[in-house]
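These are the structures in question, set out in turn.
Look at the two complexes coming up: chain A is in both, with chain B in one and chain C in the other.
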Partner chain A sequence: MSHMPCGVYHERYAQDHALWRSRFVRVKMLLLAVFVYLLFPLWADTYYLGVANMVGYTVLGALGVQLLIGYCGQVTLGHAAFLAVGAYTSTLLVLQVPWPNFMLRAGLAYPVSIIAAAFAAGLWSLLFGLPSARVKGFYLILTTMAAQFITVDFVITQYVSQIGGRGQAFSLPPGTIKIGVWTIDNDRRVYFLMAFLVTCLTFALVNLLRSKVGRAWIAIRDNDIAAETMGINVVRYKLLAFFVAGFMGGIAGAFWISNLAAVSPEHFPWSWSLWLVGVILIGGVGSIHGVFFGSLFMVVVMELLTLAVMSLAGVYPELLMKLNFVKESAFGLAICGFLLFEPNGIAYRWWQMKNYFNLWPFSY
Partner chain B sequence: MTTPHTTIEDEVILSLQKVSLDFGRVRALVNVSLQVRRGTIHSIIGPNGAGKTVMLNCISGLYRPQEGTILLDGRPINHLKPYERARLGIARTFQKIELFKGMTVLDNIRLGRHMHLHSGVLSGAFYLGKTAREEIEHRAFIEEEIIELLEIAHIRNRVVGMLPYGLQKRVELGRALALQPRIILLDEPLAGLNLEEVEDMARFILDINEEERWRITCVLVEHDMGVVMDLSDRVFALNFGVPIMEGTPAEVQNSPAVIEAYLGQEDRYATRR
Partner chain C sequence: MELFLMTLVTGLMLGGIYALVALGWVLIYKCSGVLNLAMGELTLLGAYVSLSFYSLGMPLIIALLLSLAIGLILGILTERIFLDRLIGEPVLTVIMMTVGLSFFFRGLVEFIWGTDTRVFDPPVFSIQPVKIGFLVIGQVYLWSFLAAVVLLIVFVSFFKYTRWGLAMQATADDEMAALSLGISARFVYAAAWSIAFMAAGVGGTLLGNINGLNISVGYLGLLVLPAVVLGGLNSIPGAIVGGFLIGTLQNLSGTYLDHYFPGGVREIAPFVFMTIFLLFKPHGLWGWERIERV
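Up next is the complex of A and B:
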């Protein structure tokens, strides 16, 4: 059997394996980075930064949900629990640990707490992923819901919130959230932290999905029996998916406390777990683009709704009282609409449009 | 044969000893014993519902027989899970194609490399050094050894679910080959293929069995008698879960017991050539 010279082949495969294969895509990504890290924060005022932070927080949470549902086929309806574990771990570490002075001065407490929060939430998620070894589908959904209620309504509300005798909410005094020399005390700084974390986690997930671990997840999603006969320890990889999803959720939760004056269980209701699932349904299941499109869509639509309700408040004052109700109805309607008319989500439309323009002017 | 392999090829690689399995009142396998020698193509034939697929499922670990022992290289593997058996060198294809339909051809075959890859979560997340290097090495293996052999270069980036049936069968074989198994279980690899595809597939089976590069022992479940008789070293006949005979293709073909088992179904199992 004859072989081609290795070097030649390797170069070609390396090119084929590159994340961004064409110069066009690389330029596009560069422009995106310039926009996200430079133009937008220069231009945006507090309001727009706040909206962007909300989008980023949604992305951070939804990445884990996408990993579980979209890539590993494990439906979860309790992801807010892991955001909560992250937020509380980080908060408690920052507030309760007697950090040595040099660490406080160097602004290390919060970064360390983010990492600890990620591991805590990852392990907690792994624990609630254990039933996935035995049950699938409907029953697994119920056990993930149990994660929500056990974690937030029981453990955090009843016990964790009592630590330090502060009552329901942990308030975060100004200046406690500090990374290096930067105190995260305004929307612009929160924005940069968000942008950095979103970039890191997105790269990590995209890379995982194109290597051994991610392929095993997708194989389990598509056909778990075949996956097992191909040498995949299915239980192990499902648990790994729960761990990584929880890990990302922990980072999301720990990030979000930088945007809050006080942390309380109400920040992590069950409806937020549903919301995250809605985000990937609307954006597109099994697509990283979908996470971004879904988060943008949901947050922006909700903001527009709020603005609309505000402007109508003069005419119909009772509408203002029902803002939450209006939002939840809109959320439900959006999901129904997408499931009926665009079941593959926004990402699929985007992909179609891209193909259309790639083929242009020969498109038909 | 006069090759030095003769002694090795006489070795039994896989053996079933008095294996029985019931599904409630259905006796799917009754006291089935089978010895598969290294390097051979060993066919299992029998009418529909005879228990051939159940037999393969027992070997690959998807079903646990209630009685009997399954040995690989003389060691019992009854207690092992399917993925552990895959790691010992047992690969398979399925009667009803079981590909990862949302993945591309290349990714399906890459998935078959799973146990030969070593990058974990951390190095995968960064996709630096080890992972990137490993992916390229295995890509080269897949391209040069599998895609070339099975002549599927033109569809390597297509999503599997959209491919015609015959090509899906081929990709499934490719995915099993990616494990670099020592023994491969083929469940009706020719079913539903047209004449030309049957010939291609039969050639691939011979290739992976005979080529020095592969030398894979094949356990072949197949209805196409013409191909079975051409390819097989040994044939094992099963009816209602009960072994009826085993021997060379010629012996089995002329056995009255086998002919009787197939009585009334001749046309369905006749060769298509």
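Up next is the complex of A and C:
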């Protein structure tokens, strides 16, 4: 909790419990909404929209990771598996199920498939959360890694990809992804879908964390044995955390197929799981702001790196071929650098700045 | 029956390599409490370094020794630059540091050596298999196994009988007591990382000799994780047994289960086995069970 700004006095508990506790915050959120839903899409061209979609996808994926790692203390290194489950469930539902005509006409197939994907991924995540009832720490990390390898490298690559005889990748013909009357076929529409989903999930998670459930998760993170003695059913809440994280991952995966021409297992490698964890570390563990800061930072830095390599390509043409390797190394170094020099992430800096200005000009 | 025995023996020999790499992993964990997820990349790095020396025309032994020397230096550098300051930080921080390192090293390896499969050329071991009784074993496996076992013995006796090894053991047991006896903990950490780098390098070189060297050797290096977990994280005999177990299991499942689950069952069997195993024995075979108090 940061300090309240100078001159804000609450008279009722309802004011104190409100999500946005001062007029300044409400105006800020309104401006943010105007920017996200109006100004940015008006101004941005395809390239910026693409970058924004990438940021949004990272946020959607990282929210679940943040919930598990930052709020429930269950380190997961296999979150891409649940994204993959979501993406594949949604794709299969859209492509393979003979939807009744009225649903196709109303464009309900994709929205329904997103919800189904969320539940499928949530249940799959629950399955791999089961070991968390017995094991902790590094042993748990390894079982989540196992989730990644079992799901993506085995089940999906070997079996799910065979469904419908479409080969390794499920291609999504343009115009398949429809919501209502809108066909999600260009970056701008993907952007609006992304913005909507990010808003919904962020609200859901923030409010969940303010409720009994969220407090139970935080208690488990801080000390699970103490939490148990206080009457929290640790296993149930851990499993719930896995379910919710998987649920959000499923939505993220199902969203991402709207941006892809074809879904294949290569979109969900282990490095993507690690990337999501890296994002929340850089943004700040245990902070919703951190998810956003981390995603923005990583995606933008990677884009800048790409631009830099592109501009150097005239001098060193072979550098362009090795762009991905440069990116990989840079990501690794970024994680190491943040852990060494800014272990609390960007969100902590933001918090410090905010506090400074809250008390300004009478800070200590 | 013959097939079973053959599979078993080859698996054991492969397991020798895993045991070697797993030993390096456990040393780091025991001495400094670092859970190292970069082991696969350490294997890669060592393997490529010795491959480069070998391609220059040196005999394999010299190439291996040189890569050991480089592993030593890299180990000390890695520990000093990246991990020294994280002592006492939460588990996640340290793990993610090694994840960052793994990305860094992997990018580096791909940047320098590319992603094509490279082989040791000319082949180090002749492809003529050796016959022992009715068992037919590839020479690569046999020699790799022997090399791994020799190194295992060297490392374990180093750990048990030399002054430095005893210092490492003391630190692993009780860091505070070791410090008060005048053991330099920083030296011990650096030594543990160097040994891990060296063990991984040798393991990687041997693995590269079996199937050629590309990025997927790094995945094989990752298989030490199930091995150490099966053995229990802080047990050196556990790591060795776990390594052999994982090698055998991998080969057996490749032979017998591939029929029922075509595809990559060989690669994921260790992880499946580990997950199920952990449900019943959450601390592995010989891991410490800590009694936790609030």
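Everything below uses one rule, namely that the second predicted complex is superposed on the first by the 351 of 364 C-alpha atoms of A that agree within 3 Å, B and C clash if a C-alpha of one lies under 4 Å from a C-alpha of the other, contacts with A are read in each partner's own complex, and residues count from 1 in each chain.
Heads up, the rule we're going with is that a residue touches a chain if its C-beta (ideal position, glycine included) is under 8 Å from a C-beta of that chain, and two chains touch if they have at least 3 such contacts.
These figures come from a predicted structure and were not determined experimentally.
Student: Label the relationship between chain B and chain C on chain A in the superposed model as either fit or clash.
Tutor: fit
Student: By the touch definition at the top of the document, which applies to A:14: first (chain B), second (chain C), both, or neither?
Tutor: first
Student: With the two complexes superposed on chain A, say which partner A:225 touches: chain B (first), chain C (second), both, or neither.
Tutor: It touches chain B and chain C both.
Student: Give one of first, second, both or neither to describe whether A:325 is in contact with chain B, with chain C, with both, or with none.
Tutor: second
Student: Given the touch rule stated above, what does A:214 touch, chain B (first), chain C (second), both, or neither?
Tutor: The first partner, chain B, only.
Student: Check whether A:204 is in contact with chain B, with chain C, with both or with neither, and answer first, second, both or neither.
Tutor: So A:204 only meets chain B here.
Student: Using C-alpha centres only, what angle sits at chain A with arms pointing to chain B and chain C? Round to the nearest 10 degrees.
Tutor: 80
Student: Contact-wise, after the overlay, does A:58 reach chain B, chain C, both or neither (first, second, both, neither)?
Tutor: Neither partner.
Student: In the overlay, answer first, second, both or neither for which of chain B and chain C A:244 touches.
Tutor: first
Student: Once both structures are aligned on chain A, how many angstrom separate the closest C-alpha atoms of chain B and chain C?
Tutor: 5
Student: From the superposed pair, tell me which chain A residues show up as contacts to chain B and also as contacts to chain C.
Tutor: 223, 225-226, 229
Student: In their shared complex, at which residues does chain A touch chain B?
Tutor: 1, 3-4, 6, 9-10, 13-14, 16-17, 19, 203-205, 207-208, 210-216, 218-219, 221-223, 225-234, 240, 244, 286
Student: For chain C, which residues count as touching chain A in their complex?
Tutor: Interface residues on the chain C side: 35, 37, 82, 85-86, 89, 91-93, 95-97, 99-108, 110-111, 225-226, 229, 233, 261-265, 267-268, 271-272, 274-275, 278-279, 282-284, 292-294.
Student: Quick one: which bits of chain A touch chain C in the complex? Just the residue numbers, please.
Tutor: For chain A paired with chain C, touching residues are 69, 75, 77, 130-131, 134-139, 141-143, 145-146, 149-150, 153-154, 157-159, 223, 225-226, 229, 271, 274, 277-278, 281, 285, 322, 324-336, 339-340, 343.
Student: Which bits of chain B are touching chain A when the two form their complex?
Tutor: Those in contact with chain A are residues 60-62, 81-83, 86-87, 91-92, 94, 98-103, 107, 110-112, 114-115, 117-121, 123-127, 131-132, 135-136, 139-140, 143-144, 175, 179, 213.
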